[in-house]
Amino acid sequence: MIMAKKVKDFTEGERVEANLLISSAVRGTTNSGSPYLTLVLQDSSKAIDAKLWDVKPELEKQLEVGKVYDFDLEVIKYKNNLQAKVLRVLPVPQSEIDMEDFVFKSPVSKDALRSSIQEGINLIENTKIAQIVSAALNYYAADFYDYPAAAKIHHNFIGGLATHTSGMIRVAAALCSIYPSLNRDYLIAGVIIHDLGKIEELSSPVVTEYTKEGKLLGHISIMDARLLQIGKEIGVEDSEELLLLRHMVLSHHGQYEYGSPVRPETMEAEILNLIDNIDARINTIDKALSEVKEGEFTQKIFALDNRFFYKHK
Amino acid sequence: MIMAKKVKDFTEGERVEANLLISSAVRGTTNSGSPYLTLVLQDSSKAIDAKLWDVKPELEKQLEVGKVYDFDLEVIKYKNNLQAKVLRVLPVPQSEIDMEDFVFKSPVSKDALRSSIQEGINLIENTKIAQIVSAALNYYAADFYDYPAAAKIHHNFIGGLATHTSGMIRVAAALCSIYPSLNRDYLIAGVIIHDLGKIEELSSPVVTEYTKEGKLLGHISIMDARLLQIGKEIGVEDSEELLLLRHMVLSHHGQYEYGSPVRPETMEAEILNLIDNIDARINTIDKALSEVKEGEFTQKIFALDNRFFYKHK
Amino acid sequence: MIMAKKVKDFTEGERVEANLLISSAVRGTTNSGSPYLTLVLQDSSKAIDAKLWDVKPELEKQLEVGKVYDFDLEVIKYKNNLQAKVLRVLPVPQSEIDMEDFVFKSPVSKDALRSSIQEGINLIENTKIAQIVSAALNYYAADFYDYPAAAKIHHNFIGGLATHTSGMIRVAAALCSIYPSLNRDYLIAGVIIHDLGKIEELSSPVVTEYTKEGKLLGHISIMDARLLQIGKEIGVEDSEELLLLRHMVLSHHGQYEYGSPVRPETMEAEILNLIDNIDARINTIDKALSEVKEGEFTQKIFALDNRFFYKHK
Amino acid sequence: MIMAKKVKDFTEGERVEANLLISSAVRGTTNSGSPYLTLVLQDSSKAIDAKLWDVKPELEKQLEVGKVYDFDLEVIKYKNNLQAKVLRVLPVPQSEIDMEDFVFKSPVSKDALRSSIQEGINLIENTKIAQIVSAALNYYAADFYDYPAAAKIHHNFIGGLATHTSGMIRVAAALCSIYPSLNRDYLIAGVIIHDLGKIEELSSPVVTEYTKEGKLLGHISIMDARLLQIGKEIGVEDSEELLLLRHMVLSHHGQYEYGSPVRPETMEAEILNLIDNIDARINTIDKALSEVKEGEFTQKIFALDNRFFYKHK
Amino acid sequence: MIMAKKVKDFTEGERVEANLLISSAVRGTTNSGSPYLTLVLQDSSKAIDAKLWDVKPELEKQLEVGKVYDFDLEVIKYKNNLQAKVLRVLPVPQSEIDMEDFVFKSPVSKDALRSSIQEGINLIENTKIAQIVSAALNYYAADFYDYPAAAKIHHNFIGGLATHTSGMIRVAAALCSIYPSLNRDYLIAGVIIHDLGKIEELSSPVVTEYTKEGKLLGHISIMDARLLQIGKEIGVEDSEELLLLRHMVLSHHGQYEYGSPVRPETMEAEILNLIDNIDARINTIDKALSEVKEGEFTQKIFALDNRFFYKHK
Amino acid sequence: MIMAKKVKDFTEGERVEANLLISSAVRGTTNSGSPYLTLVLQDSSKAIDAKLWDVKPELEKQLEVGKVYDFDLEVIKYKNNLQAKVLRVLPVPQSEIDMEDFVFKSPVSKDALRSSIQEGINLIENTKIAQIVSAALNYYAADFYDYPAAAKIHHNFIGGLATHTSGMIRVAAALCSIYPSLNRDYLIAGVIIHDLGKIEELSSPVVTEYTKEGKLLGHISIMDARLLQIGKEIGVEDSEELLLLRHMVLSHHGQYEYGSPVRPETMEAEILNLIDNIDARINTIDKALSEVKEGEFTQKIFALDNRFFYKHK
């Protein structure tokens, strides 16, 4: 008897039938010349690598990245991870599908994220800064609450960008309470706009690849130029406020070799970079630690210079 | 008529008589062969460079670093900074001197610092961790509230180390509220002990130079070995708690090239390094910004890779 | 009898009277406390360092950077370079002054530069590219033929930016003849716009310091954002042409550590960086070699990694 | 019916019979222990990877790198590239083979290359420089027009070295017309001799591996020492001309980490390095762009720091 | 007929039956989903990689790393190295096994190593230094003559640590004869204790993995702290001798990026680092050269920056 | 009464008359425009900086670097070092001067050095290697025993090169006794020839500046090319022995960034680099330690990455 279950509940050796989204598909050929597909299949609980051996051209043509199909799978273990062997795949009427069931989502609801970001905006007292931030959020309104914060590394789920922003707002507000010399207007504003350019850098909330603009300009320059345009439209082109917000966007990676063309030269730009690191790294390490038991080390984490992390008892 | 005033109130061109502490004295010789002293003179408000030209050997012998004298000065401007020319210097009965009036102090009172550190300790629930932290603070009890946090760069005043620690405790506690996956026991404990080795690395609270141990071992290894000794004394030598606290001390500079022999490999070690940076850099940048007007850039700050910082309007 | 002569003809030991522009003035104080000025004085032939000892406050207030005065000088040698000692300085009616006589100028006339740049534009066949380039040049029309190409390093004279651009156009055109796979439209366009942001980065054609925008954004990001604005105004905001020109501006320093947020990813962007190096380095080395005799080495050149260069016989 | 066609015309899925040169052969063993050969097969149009599964020892012994055989192949797709599966391989009388049909050749004819190099030599007016260049070319006369310019990266075909040299001569001559301060004699001479050491560094024009001398000395030092020997033979051992040409050879990689023991210290040495980069990179990028369609990015190019390049529309 | 022979005598193509130790076992799954084991099998002569295809769960459970089994093998060649295919594996009564026959051992006998180390100790004249060294050796007495000097790179055999130490003692003694300014007491002592921390860093003499302490503290800090504890126990906690020995341990990797938190600041610490390199690299290169013939190059050696080495004729 | 004494015996405050060699002279001008000379004066015991204020043109013309004069001096202290103020300077008949009394010399006699080097040569058994080494030493016979090993850093005295070579021979011989896998012929030969190129790189044994060849080629390439020439002359041009010796010379700085165009790829080349470091660093640190008392740190040593060294009690 074949079971229907969520990916996070798959165990080695079992046979499963499930509706799953194809989030990636790469064609390969075995040493002996027969074609196969390496797929990433997912529901809202988790993703799993899968192999479809000896794929026929007519089947290959039917399969589309970003669509949901009915899979019959055998779950095996490959290099310490579970992997699925596709035994059969059938179409599913897309009308019957609720995409919400097949994408990763923020642990925070969209409404809560909206409230959190709005609270951040409400903290900004300087009128020009508030106007720039609102105009920038409006510009990206259609996508801001859907996009991930990165293609792979951290907060890589629907709503990841807003979740990352929301976490950073809380840290920024806390630091402003502790250190009175921090200017809250600039810090909160910088947090909200610093990664908006990712909405143009990445292709879509679900299947996230780099766009042509992303590769040739990068999200830092995309957002910097967008800010000048927005500033011009709302009449603050020559204000110090716009200048300093552009500086925060440009410098928020902290170092030249991480793609910032200038290094932080205001107190708030310096702290923005550190807050960004705190929120991104906690999310990255959390994810890695969740895969191991207490008393063990994680796999090496590429995004953190190939360090492994220990999960204390 | 000669005025008596605080160093922070000195202005170009005036003549001043004041009791001042000599905190540094270096002998020089002019091109034409006559000896002079380059002094740093200070009261609790500020320090000023001074020149004592054509110094006689008998006078030179009487002057001691760390002592207070009665100076008659002319204030001039040299390379954009005020400088004093010593016209006359007389001894002052040291019994009449209250050293409190001549050293820089934390903006926070010693009592407030004690409360703040104690609040941090109270947050630690794990018994072994709490014991280790208390034993370590006891070991350095005589000096902890007097030492600076660094010889020159940040929090370089009486009580600087405790002030730095106190600021970091507040940030650590705030982050633990925002990110539930952070272990508060380890993070707070790591904050309190991370720089205790500086008490052995630096020579004294007032005239801070590197000790022989500081140069040959460094505060990181000094504290790491001290923790093993303390752990042995209180019977937790082989506990995971001691191991992870030693790891936090060893890795808190984050990078090999900053003197950490291992890189952070626990979530809390990673965040400790970022909190350290936040508190130290805010203090460093604050100090630099306090020297310039709004709309101006600071001098290049050596400790921040020679960046200058802009003071917004 | 005091001679009137050009700075380039000054010789050690002589006394000279001359009208000269003050292009820099820094106040100093001698070891013994007396104030003096370190000046840079120039006419169109050359600049010379000068000292005005024991300067009186009332004289100091009269002297302005960017203005011309009548100087009585003694020429001495200081560390292998000529230096002037100011014996007397008198005001000159600015109305009698033709500023042309006191600034460095391109060896090429402004008319020749205009023709050369126009020839470059004429080579561009793609209409959108031509429109973008023309609009960008128009935006900076008031200053393009006056600005230097750098504050200090290369082409640091009136018209330096246009001279640098003109040299690069000639190289670009030659390379396009040799390598048919190079796209001439993009290469010539990239050459013309690559450094326009310097007009906002530097303060003025004569006394060139970094502006606040220059320090906080840098000429690369200034120009990138300006291109988006210009593209929007002429209706090519979403064209591939605008995207690739922005990419060329962003990547033209070639490496992250030289301030480019992206590295060259088109053939023409890659070659633009090399042409920029050729023209800038030839100008830099030419200038250094002109100061030494055949068979000698130049001083170390800071902008070329402190290398010295040999002048062959 | 089996087709005979050129490698560049192979398409996925077809069966082909063709005479092909084996330019590389590496033995492998499948996971299950059976031996196979990974071959590179080529004719003058292109090379293709091929697998010979389950190779028998007696067949393996008959196959020689650098020889031509009659292959029966099936063309498949493997990781986005075409690959051939060897179905049968038969000997071909080498006497029937014209090797010209099986090697990559310069797009420029050998005669055109000879003319181009000779034109370069004719531009040199200084007698000693001309003598050194001619003697060096004579020394390598047997191989200069056959060798590639690199084992893999750029101009890796018969005549590649002369093609690279010829391209650089044209650029050098153009730059000398634009910049009169460049010494044409040195620049042209440097271009012609800079890579001659590769003829000793690489094993042969067709199957290019590093020789023992190539690995232990490198082409830069090979050529530098050869120049001293040549200079001695023609009696210019102590001339400045020989010294400066040796300097150009030694410094032409520009940086220590690229294998130059000295950095460029003459104007012409500096420019030689940039011309070398221009010609090599245009060839490298051209080759990569030729594999993709307009509007696409190339694969990452290892020799250009793993950058990918965009082919504009 | 199946042969019984030592691993170093295995040749391609033969069938062998032999008792062998499993020193590593990693589970894999073929592309088509069937499980297999990648084993490292060894006797005292050499190790060989082996594959056990299609391993049954019940067999897999019986096999233990660190135990000896009776193997029936087929020897094949895989990527230029011999590899074994496991045809059958049977248990062997461990009581019949002499583990000495299955582990790599130092070419020097344990007795000879003991004498050599003792001779080193005898050279130390300073009483405190001699006491510290003896106490440290006593602390690790149970393991010192068994542990390897590294998990993989050099002296990776039973007794490797003592062999490495012994070689270094001989070099240190020779240098002290040549250079009278070297202090023999410190240099010999530093040699003996420098790597003792590896006994806590690595898990066991045979199956050497990094312990939790090894990963989180590293052998340098482990030994440094251990020295303070030992110094305290024998009453030399505050001696200069203990301080300088701790400095030698901390600095013996020479550079921050190799894990030393301080760089060498005594003559003997500087030379200790160089002696360590000499002995380790000779061992590493010897091993690599032993695998190739005269006139050939070795494989790239990872531990020596991926250099290959030439074996002269 | 004026004393005549050796420079090493000068003390602060005294007046001295002495014959001294001028080893360096640089002209300066005081702030107020009067010319002076900064001299380095020396006898065989030590060198001292000196100032000749208000120097007259006619006196300046008489003074020559490399010549001895009769000086009347006042000894003062300047920045922690002794300095001499020249009160009067008179010519001395050079015929009365024995230059031996005015230059630094090796602590080892020239005869002892000759014996030591000869012993090294005698250790070489391979005929070709012995011939190459002898021919190379003959080529530089006139200077080998006079030259220093470096302009400033280590062994910077008459005979320094031979002293450095002699020390390295002893270390090489000792290592060959300890490690039988080291080839003594290559190692000793490499030691003897590795720095011979310095004789062409530096201008003279006494006044050591870089020659034009030294700057443009460097001693590594100078010697490499010289070896090919020598090898050709004695008929071993194509021998493996010459190839490997050239490799040792080319690679003996160990790293690209230290000027080696190839990294060591033979066992002996690798060890040569380490022996070179041992001998050079012991000499460098010895010199620095000789300037301080026990229990003190030296000044920062530029050639050792600005480290200071501690002199133990």
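Per-chain numbering from 1; labels A, B, C, D, E and F assigned in written order.
The working rule: a residue touches a chain if its C-beta (ideal position, glycine included) is under 8 Å from a C-beta of that chain, and two chains touch if they have at least 3 such contacts.
Keep in mind the model is a prediction, meaning the values are calculated, not measured.
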By mean C-alpha coordinates, which chain is most distant from chain F?
A
In terms of contact pairs by residue number, which of D-F, A-E or C-D shares over half with A-B?
C-D
Using mean C-alpha positions as chain centres, tell me how far chain B is from chain C in Å, no decimals.
44
Once you find the CA centre of chain B and the CA centre of chain D, what distance in Å lies between them?
61
Multi-partner residues in chain C (2 or more other chains touched) are 212, 215-216, 244, 265-266, 297, 308, 310
Dump the list of chain pairs that touch, please.
A-B, A-C, A-D, A-E, B-C, B-E, B-F, C-D, C-F, D-E, D-F, E-F
Okay, in this complex, where on chain F does chain C touch?
27-29, 31-33, 35, 212, 215-216
Chain A residues touching chain C in their complex are 212-213, 215-218, 220-221, 224-229, 232, 243-244, 246-247, 250, 256-262, 265-266
Which stretch or stretches of chain E touch chain D in the complex?
30, 36, 51, 53, 74, 76-79, 83, 85, 297, 308, 310
Which residues, counting only chain B, touch chain A once they are in their complex?
167, 170-171, 174-175, 177-179, 181-183, 186, 240, 244, 263-267, 270-271, 274, 277-278, 281-282, 285-286, 289, 297, 304-305, 307-310, 312-313
